[in-house]
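Right after this note come the structures.
Two complexes are shown next, each including subunit A; its partner changes from subunit B in the first to subunit C in the second.
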Partner chain A sequence: MKKLKLLWLQSLTCNGNSHSFFNHPDLFAILSKFELIYFPLIDTKYSLEDILHKQLECDILIIEGSIKKGLIKNGVDYSKLIENYAQEAKHIITAGTCATFGGVFKEYDPERISGFCFDKERVKENFNSYKDKLISLPGCPIHPKWLSYVLQMLGSGNTIPIDKLNRPQELYNITVHTGCSRNEYFEWKIDTKGFGHKEGCSFYEHGCQGPYSRGSCNKILWNDTSSKTIVGTPCFGCTEPTFPKERLFFTKTNMGIPATMPLEVSKRAYLTITGIAKSFTIKRLERNIIDYDS
Partner chain B sequence: MPFATPHYIFSLILYLFYDTIYQKGILLINLDKKALKRESIILASLKLFSSNGFHKTTIPDIAKQLNMSVGNLYNYFKSKDILAKELLKYTSETVGAEIRKVNALDTSTEKKIKMIVELYFSMAKERPEMIEYFLRVYLSYRDVFKDGCEGMLCVSGFVTEIMIFFDNGVECGELRDQDFFSAFGLFMGYLGGMVFLKGEEILPNELEAYIDDISYNIYNALKR
Partner chain C sequence: MIVKKLIEKIEGEAELEFSFKSGKIDDVDIKFDLYRGIEEILKGKAPRDALVITPRVCGICNHAHLIASVRALESGFRDAGFTFELSKKAKDIREFTLSCELVQNHIKWLYLTIFPQLNRVLKSDPDDNYALKASYIANTVTKAIAIFAGQWPHSSYAVPGGVTCDPTYIDIISAQNLIDEAIRFTQKVLIGMDLDEYLSIESLSQLKTLGGDFGKLLFTLEDNQLAKIGKSYDRFIVLGESAFFKSAKSIATTTSTIDQRFVKELEQTGTKAKAALYKNRFYEVGPMARAIINKEPIIMSLRKRYRDSLITRIYARVHEVAILLNYTKGLLQNLDITQESCTLKSKATPSDFSGVGTVEAARGSLIHRVKVKESIISKYEIITPTQWNLSNSVEEKRGVAANAMIGLESDELASFVFKSFDVCSVCTTH
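Take a look at the complex of A and B:
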C-alpha cells in the first residue's frame, strides 16, 4: 500500500503540538507508515525552499499554530503557503487549539488572528471549501495519541466520525470530566483543599472546567500515566473554542452557585441534584486517602 | 372494498383488543382517582397539623375528616412520619412552583423581590397551612424529619428556585455576590419571621401593609 505523503506546516506557534507529538511512545513506528515530506523541526526529504517553490504532492496537511492573514516569517507569507497546500491536500488536520480556533495567540490580536477554518466557534469563509477534508484537533497542546489516532485512521483508509466543528467524535464527544479519578468527590460536592491534593474536586472553587470541556484527557492518559485533574490541577478547558479564559484557577460563582454548568445540564437540574447531595456527609470522603502520620 | 373502510378497521381493532383497551382504561381511571385521593389526604392533614399541632393530630383524625377508614388511609401513607415528610415536599414544591413563575419573568430583580414577598404573604393569608406547616411543624419537630429529609432533601423544590433567583440576580449585576446562606437567611428568615409574628397576633397590621417596606429593605440589603 502506497504511503500517504505528510506535510506539517507551522504558522503562529509555540511548537507545543510538535513537541507533544514527539513524546508519543510509538512516534517512529507511526511516522514510518507515512512519507514525511516536510516538518519544520526535524530533517525531512524536502526543505522549506522546496515547499515554497515546488508544488509538492501532499495527502495530509497538518497545520500547527494560529492563522494571521499576511503573516511574514523568514520572508514567507505563511497564510498563503498554508492555503496553497490546503487546496491540494486530501486531508487537513488542524493540530492544537491555535490552528483550530485561534487559541492563545488570538488574544494578542483578536481581530486579525484566528484558527484555520474557525474564529473561536464562528465558521470562517473558507470552511465550505475544506469542510469535507478537515479534521479539527483542538488542545493546548494536543495529546500525541489524538493525532496518532487520526493519522492511523486516515492511513488505513477509514472514515473518522466528526462533530459539527469537525472534531473526531471518538476523542471529543466526552468531557474531560469523564474518567476523572475525582468524580466521587464531584458527585458528593466535596471541594479540594488545594492544588496537588489527592482528595476533593477542583470544580467548585479551583476553576476546573472538566465538566464542560470536550476531550479525552481522562480516557487516554497523558504520558500513559495521569492527567491534570488527577494530579490536582484544574482542567483549563484548552480544547474549547473559548480557550483561554481568564482566572484559570478560580471558579466563577454567583452566591456560591457555579456560573457555568456541566455541558448541557440545566441549572435547575444541577441545583436540585447538588442540593440533595450536599445534604449528606460521607465520612470516608472527608478523610485523607493516605494518612502519612500513621 | 367495503372491508377497507376506516370504520371497518377501527371496529376490527376494537373487537380484537377490547379486553386490553377496557382493562387499561379502568387502570388509568383508578390511577387518577388514587392521585386525587392522595392529594385530598395531603390537603386535609396539612390543615390539621398546622392548626392542631403535629403530636395532637392523629391518623384517625385525618381519616375522619375525609370520611375514609383508617386502614384505607394507611394504603396511601404507611405512617404519620412518612405523611409528615410528604407534606414537607408538597409545600416546598408548591411554593417553589410559584417562585419558578417569577424566575421566568423578564423583569428586574428589584421587581422580582417584591413579587416573591407578595406571593409569600398571599400564600400565608390564602393558604396559611402551607407556611404554618413549615414554621410550626418542620422547624419544631426536627426528630420527625431527621431520617429521610436530611438537609435539602425534602425542600429542594423551594430552595432550588431561590438559588436560581439569586444566581440570576448576581449574573445580571443587580445583586451583590456573597455567601448563599447569608442572603437566603436574610430573605427567607425575614419573611418567615413576619408570618410567624402574624400567627402570634403580634403584628398590628395585615401582612400586605408591610410588602413595600419589606421588599425595599430586602433589595437594599442584597443589591450590589
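Take a look at the complex of A and C:
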C-alpha cells in the first residue's frame, strides 16, 4: 500500500504539540509508515520555503496552533496557506486545543483568533467543507498516543468513530476522571487536605475538572508514566472548548456543592450519592497511605 | 548585497537579513514575527492562573516558565507579608524537574539543530540516527519529569509553597533508573567515556580523550576552521540563582554582582521581539555564561584559547548535559520524602502584591514580573533569554548573536553561528 503523505503545519502556537508528539516512545516506527513531507522538529525532504511557496501534495494535514485571520508569518498569509492545503488533503487533524477550538491564544484577540473549524464550541463556516475528513484532537498539548492512534487508523484505511465535534469517541467519550488513582476519594467525597498529598480528591475545593472534562489522560498515561491528577495537580479541562477557564486552582461552588457536575450527571443524582457517601466514615481513607514512622 | 534567509527547525522560525560587503557579512537583521500576546492574556486573571498560562509560552522550555511564574508569585506573597519557607524536598524536586528540562532541551538542540546544520555547512551527508538519539534521551528525561510533574510538556505542578506531588520510594527509584539510563546513553553515545572521567577534564589537552558524538563534533569544528568563528562581546550575565547556578556578570576576567533593577527591555523596529539589556549593554546569557560565572575549569580553558567563539558556546551547552545529569542524580539520592511537599495553604493569596521570579532556563536567564491588584493580575512581564542573545541592533549597538555573525563569508556559516545560541522564536516574542 502506498504510504500516505504527512504534512504538519504550525499556525499561532507554542510548539508544545510537536514536542509532545516527539515524546512518543515509538515515534520512528510510526513515522516510517508515512511519507513525511514536513514536521517542525525533524529534518525533512522539503524545506519550509517549499511548503510555503509550492503547493505540495499531502494526504494528511496536521494543523498545530490557533487560526488567526490574516496572520502573516514567514511572509505568508497562514490562514490562506492552511485553507489551501486543507482543501487538497484527504484527512485533516487539528492537533491540540488551539487548532481545534482556539485555546489559550484566542484570548488575545477573540474576534479574529479561533480553531480551524470551531470557535470554542461554535461551528465555523468552513466546517461543512471539511467535516467529512476532519478529526479533532483537543488537549493542551495533544497526547502523543492519541495522535498516533488517529494516524495509524487513517494509514490503514479504517474509519474512526467520532462525536459531534469530530473527536474520536475512543479518546473523548470517557472523562479525565476515568482511571484517576484518586477515584476512591471521589467516591466517598473526601477532599485532599491541600497540595502535596497523595491522598484525597481535588474536585471539591482545588479546581479539578476531571469529572467533566473529556479525555483519556488517566487511561493512556502521560509520558507513559503519570498524569496531572495522579500527582495532585487539578485537571484544568485543557481538552475542552472552554479552556482556559478562570481561577483554575479553585472549585467554584454553590452552597458548598461544586457548581459544575460530573459529565451528564444530574444535580439530584449527585446530591443523593453525596449525601449517602458522606454519612459514612471510611477510616482507611482518612489515614495516610504510607506511614513512614511505622 | 542583501540575502534573506528563513531559519527553520529551530523553535519556530526566524528571518535573517544579511548585508554582504566584499564577500563578508557587514550587517544582519534578525526578525521574529509570531506574536501571541501572553502578557496581555494574563491581565485580569487570578494570580495562580499564571501557573497554567505561562508554560504555554513555549513547548520546549514550558517548565522553566512554570518555575519563573511560581517564584514570582512566592516573592509577591512574601512582599505582601506572608511568611513561609519551602521544604528542602520541594526545592530539590523543582530543581530536579527543571534540570531534566534543560537536558532534553540541550540534547534536542545538539542532534536536531547543530548536527544537521554542520552537515549543511560541510555539505556532508546527515546521519539518519540524529533524531532517533534525540528522541531516546529526551523521552527518558521527560519521563523522569512526569514522575513528579505528572506530564511534560505543560505541567503546572509547582504551586506557591512547594509542589503538588507527594512522591514515594517507587517514584524515586523509577526516576533514578531513568537518570541512570540517560547517563549510560551520555557515556556510550555522547562522550564515549565514563561520566566521572569526563567531569574531571580541565585542560584542552585532555579533550583528545573525548569520544562519542561530542568528541566527533569538536574535532570536526577544529579540523574545518570552525572553532574560532562566532565571537561576540565576551560579556556574560546570569540572573537566576539555584543551588547550582550563581547570579553575577562577567566582563573579561572580572566577575561582579548584579542588581536586577538595571534590566531593561527595549522595542526594536521590524520585529515583534523586544531587546533585553543590562545598564544599556548587551550581555550573553545561557550555558556559556553560567559556566564562566561558575568558573567551570574546562570552559575557562576553552575561553582562554578561543574566547566566546562557536566552540566554547557549543561546548558549554553540551557540557551542561553532563553536569546536570550528575547533579540530578545527587538530588534524588538526598531527597527526604518524609518532608512536606507544600508548606502554604492552597487558598492563601494576598490581594495586592508585586513579585519577581527568575530562573536559569535552557537558553539563559528568564524573568517573570507580576503585579496583582484586588486579587487579579494587573500587569505581567516576561523577559526571555533569547531577548538577550538574539536582539537586533538598538541605539547603534548590535545584539550578541548579530555581532557574532559579522565578518562571516556565507549565510550557511552565519546560520550555524546563529543556531549555536539555541534559537527559540516563540519565547523571544511570546
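Just so we're on the same page, the second predicted complex is superposed on the first by the 293 of 294 C-alpha atoms of A that agree within 3 Å, B and C clash if a C-alpha of one lies under 4 Å from a C-alpha of the other, contacts with A are read in each partner's own complex, and residues count from 1 in each chain.
Methods note: a residue touches a chain if its C-beta (ideal position, glycine included) is under 8 Å from a C-beta of that chain, and two chains touch if they have at least 3 such contacts.
Here the structure is a predicted model, which means the values were calculated and not measured.
Put subunit B and subunit C next to each other and count what each touches on subunit A; the higher total goes to C.
In the superposed model, A:Leu36 makes contact with neither subunit B nor subunit C. Once chain A of one complex is fitted onto chain A of the other, the partner contacts of A:Ile220 are absent, as it touches neither subunit B nor subunit C. By the touch criterion defined above, A:Pro244 lies against subunit C but remains apart from subunit B after alignment on the C-alpha atoms of chain A.
Legend: residue contacts after superposition of the two complexes on their common chain; A:Ile276 is shown touching subunit B, with no touch to subunit C.
Once chain A of one complex is fitted onto chain A of the other, the partner contacts of A:Glu49 are limited to subunit C, with no touch recorded for subunit B.
In the superposition on chain A, no subunit A position is in contact with subunit B in one complex as well as with subunit C in the other.
Subunit A contributes residues 10, 12-20, 22-23, 25, 27-28, 40-43, 47-49, 72-75, 104-105, 107-109, 140-141, 194-198, 205-206, 222-233, 236, 238, 244, 246-250, 290, 292 to its touches with subunit C in the complex.
Interface of subunit A with subunit B (complex): residues 253-257, 259, 267-268, 271-272, 275-276, 278-280.
Note for the complex: subunit B touches subunit A at residues 150-153, 156-157, 159-160, 163-164, 166-167, 169-171, 175, 177-180, 183.
Interface of subunit C with subunit A (complex): residues 6, 8-9, 11-13, 15, 33-34, 36-38, 40-41, 45-46, 48-49, 51-53, 56-60, 62, 90, 108, 112, 116, 126, 130-132, 135, 138-139, 142-143, 145-157, 159, 161-166, 168, 174, 337-338, 340-342, 345-347, 426.
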